Amino acid sequence: MYPNNYHYTKDHEWVAVSGDTATVGITDYAQNHLGDVVYIELPAVGKHLDVHQTIGSIESVKAVSEVFSPVSGEVVEANADLNNSPEAVNQDPHGKGWIIRLKMKNKGDLQALMSAADYEKYLEGLEA
Amino acid sequence: MSYISLSDQDKKEMLARVGVSSVDELYGCLPEEIKLKRRLNLPEALSEPELIRRFECLAASNTYADHISFLGAGVYRHFIPSVVDYLSSRGEFVTPYTPYQPEVSQGTLQVIFEYQTLICQLTGMDISNASLYDGAMAAAEAVLMASRLNTKPKILVARSLHPQYRETIRTYIKNMGVRIEEIEFGDCGGIKTADLMNKLDKDTSAVLLQSPNFFGVVEDLKKFGELAHEHQALFIVAVAEAASFGVLEAPGKFGADVVCGEAQSFGLAPSFGGPFLGFMACKKEHLRQLPGRIAGQTKDVDGKRGFVLTLSTREQHIRREKATSNICTNQALCALRATIFLETLGHDGLREMAVQNMQKAAYAADKLGKIEGVKARFEGRFFNEFVLEFPRDVGRINDGLQAKGIVGGLDLKGYYPELANCALFCVTEVHTKKEIDRLAAALKKVLR
Amino acid sequence: MIREPLIFEISDKGKRAFRLPKLDIKAKKHVFEGLAIRDEIQDFPQVSEVEVVRHFTRLSQQNYCVDLGIYPLGSCTMKYNPKVNEKVAALDGFAQSHPLAPADMVQGNLEIIKLVEDYLGEIAGLDAFTLQPSAGAQGELTGMMLIHACHQARGNPRKIVLIPDSAHGTNPSSAHLCGYTVQEIKSNENGTIDLADLSERMTEDVAALMVTNPNTLGVFEYDICKIAEIVHAKGGFVYMDGANMNALTGICRPGDMGVDVIHINLHKTFSTPHGGGGPGSGPVGVKAVLEPYLPIPRVEKKDGAFVLNFDRPNSIGRVRGFHGNFLVVVRALAYMLSLGPDGIREIAEIAVLNANYIRKSLDKDYHLKYTTPTLHECVFSDKFQKEFGVSNLDIAKRLIDLGVHPPTMSFPLIVHGALMVEPTETESRRDLDMFIEAMKQIAREAKEDPEILKTAPHYSYIRRLDETTAARNPIVKWERGK
């Protein structure tokens, strides 16, 4: 379910790293809890984000959640496809439903995040 | 009179089912020391005939309606077709609440959808909400909306915006870190262009003006809209006399970002100031910052067209302190009346009404302006209101008119010190030529 | 049933439902000179009077309403709206009066404002009321502004407003609109304010506590006097959201429990109709210390006549135009005068009896997260039905099939899958039993035939609507050819 090479947060974001670029999205657990996503508020390219700073918000019909940045860096791309098909977050949260790409400032930020196995254990704890 | 539907036997059996011996016992969860140990000090209950008599007496001590009145200033008397009262009194419209359950609220929802469409057609905007409290509050919400869309510290507001709207804006923004600067009016009665150009700068978030403005004067929306946009400021147009939409070009045509105001003219009586109908419409791209409810079209599981409340994530019940506004209950029944009114008047009726307002007001201004000592204060073209300047204090002139059964124009001295001896007159389609002539004759006598 | 088209879809060029008298003066072209005059208003309706009447009559028949039956929408107080109130509010003397008319011509109106302010003061145990706020949320904002102004005058407006997690969404939103930061207070296992959490958070940075009493669970804050002491000890104010005042009228008075500011919803407690979403009215009452800050103008009696006083230098200003939703106030006065002191107490008592009757009748069938005694409403949840895959939404939609309006759903937020039931005092035993029976049937169906719930409603004018598509691709007006 949860890709092994991703890193995860307690707020249910994931990060995939390639070089110094980090791709960020929300997890399958998060999209499931939100329900049908209808709108994603995306940040401007060039914006600097600190760890845990708000990236934007995700809206379903009757809920809004903020998405927090798991790592620090500069926004180099926002997933513009989500403007027309927000459902990608529901259908493919760990793939086409990615939200932003960041140029990472500090790779050390990753150390505070969970591995897939740890995240799954964390989810079990939540459901109990 | 009581509106309780339980018999004594019902109460006894219900208390038994609950497992208590008295209603007092149900209040056992209240601390004894705060319970009221006496009857409320209120008048004894009245029967329906007594109640009606009481209110007829109160209504009769309002002598205003016995006069011919020329007051406007944000509250207008227009003819209301009989179907408006008839249809809007139906219990199915009067006694439901907000359409939270769309399957049993399609009537209300479709009315809101039609209302939104009508407001868009009239204002020339893309999107309308379902209503706000009144024109003053709509103007304040528009200022807050502008400051969210364009986060610069200064908002320019025309001094010729309704004084109560300006006061309300000031109250609303007091603790919000936005600054208001006012733009002067010139001899034409419209905005002084030089003053606007002086005050427009890189810190300006928005320009808000009213047209027709408080003095009835129609503003040059094209010019001011362009100026605002040249400075990357939003352009907000407030309209307090919605009947003007029947003849004047839609503000949307001049690039307005937000159009807001008061739609009392659409089927609502003067009502001593409320309930009225605040409206707000905006460009598509500002949708997410629009306050208030919105109805949208969709389909049911069988593919049938239906309507729902939509984009609710902007609202307080979901976004709480981050909502676009705190509004919950709005003015739905007033919006229903406006919808019935507009659909009854229809395209030609609304146009006819608006044109008659302009013609009659022009006739009155001309007639009154010819009286010795009276002159038009402003040069600009107006819709159905105009300002006259008198040789002496308006208060005394109005006392004289009142003695002749006439309520004259609004004394402007309290609102604009430089307009001492000036009064704002309103003439609509309900005023007959005879009444206008009577005002002229009375004024002549009073001024003699 | 045939779908009623949109008016725009039946519009035809040249049709009219209205005509004015011929212009009785000579029309002059020059009045339009130099102005931007519009040609036609594209696609604006053109229909006959018969078409208008049938259109709205058919639309009205697609609505459920209080005049049809029980409408137990929790927190909304959907009680019966007396018809004589409509009649008196429509009297020309009120409806045709202009708000800027000289005071001597509107003495009746000013007397009504004064009477309602005084009566609400007696009912709430507070010193002064303003009727200007248009609805509950604007009342909250007004109350917050009064508090802000008073703190400001004392030298420090403070920064924080404390709000329990069970509160209406308008509370945090209104506090925020006044520039305050909101901090949430946790509810304890009784569903009431956690005193320890409150004591800890109540510092000299806190301007006020906003409390709904009885709260949104229908539970009375038993420790309200202690709560007020804690807040007052640090110089804060207690703001009460009076949305649930219907449970307390004539029983106890917020002013006597340490409340400094309250708003009351005339469209809830005082029977004025909800109108499909408004207009309402949200009068605000205060203790004397906050009176100087009330919105202008104030109605006062001077030399035997009512006057409007605008000269109030400490006032927060206006929160809207003119004098509030005046005709709503007229209706509320008619209600108070009809009921008298005993009737006003009786509405609270019977509202509480009816709610407890429903609670007791259904507490085996539906889960109650909080078992604390409740007053005028109770909050069930879908916990038992969830076992069969049935949610509160399914229950609500099935109620529609069974001829009653669903309760408030998914609120308060502290109860997952909430169904918040407020029957009000005006319901007959027959209507209460019909609701109870419907709920029991649904509880049975959840076990035996959950599918019938998940696909409900079956018998309504329209079936479940796709709200997701409505939000993803908003269509918020009619356009030709679309």
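Letters A, B and C mark the chains as written, and numbering starts fresh at 1 in each.
As a convention for this text, a contact is a pair of C-beta atoms (placed from the backbone, for glycine too) under 8 Å apart; a residue touches a chain by one contact, two chains touch by 3 or more.
Just so you know, these numbers come straight off a predicted model, no measurement behind them.
Two chain pairs are in question, B-C and A-B; the one with more C-beta pairs in contact is B-C. Central chain assignment: C. Criterion: smallest distance from chain C-alpha mean to the mean of all protein C-alpha atoms. Work out the mean CA point of chain A and of chain C, and you get 38 Å between them. Put simply, the C-alpha centre of chain B and that of chain C have 20 angstrom between them. Averaging Cα coordinates per chain places chain A and chain B 45 Å apart. Counting partners per residue, chain C has 467, 471 as the residues that reach two or more other chains. The residues of chain B that reach two or more other chains are 312-313, 318-319, 322, listed in rising order.
Looking at chain A, one finds that residues 38-39, 59, 61-62 touch two or more other chains. Chain contact summary for the complex, chain C toward chain A: residues 410, 467-468, 471-472.
Interface residues of chain A, counted against chain C in their complex, comprise 36, 38-39, 59, 61-62, 86-87. Of all residues in chain B, only 288, 312-313, 318-319, 322 touch chain A in the complex they form.
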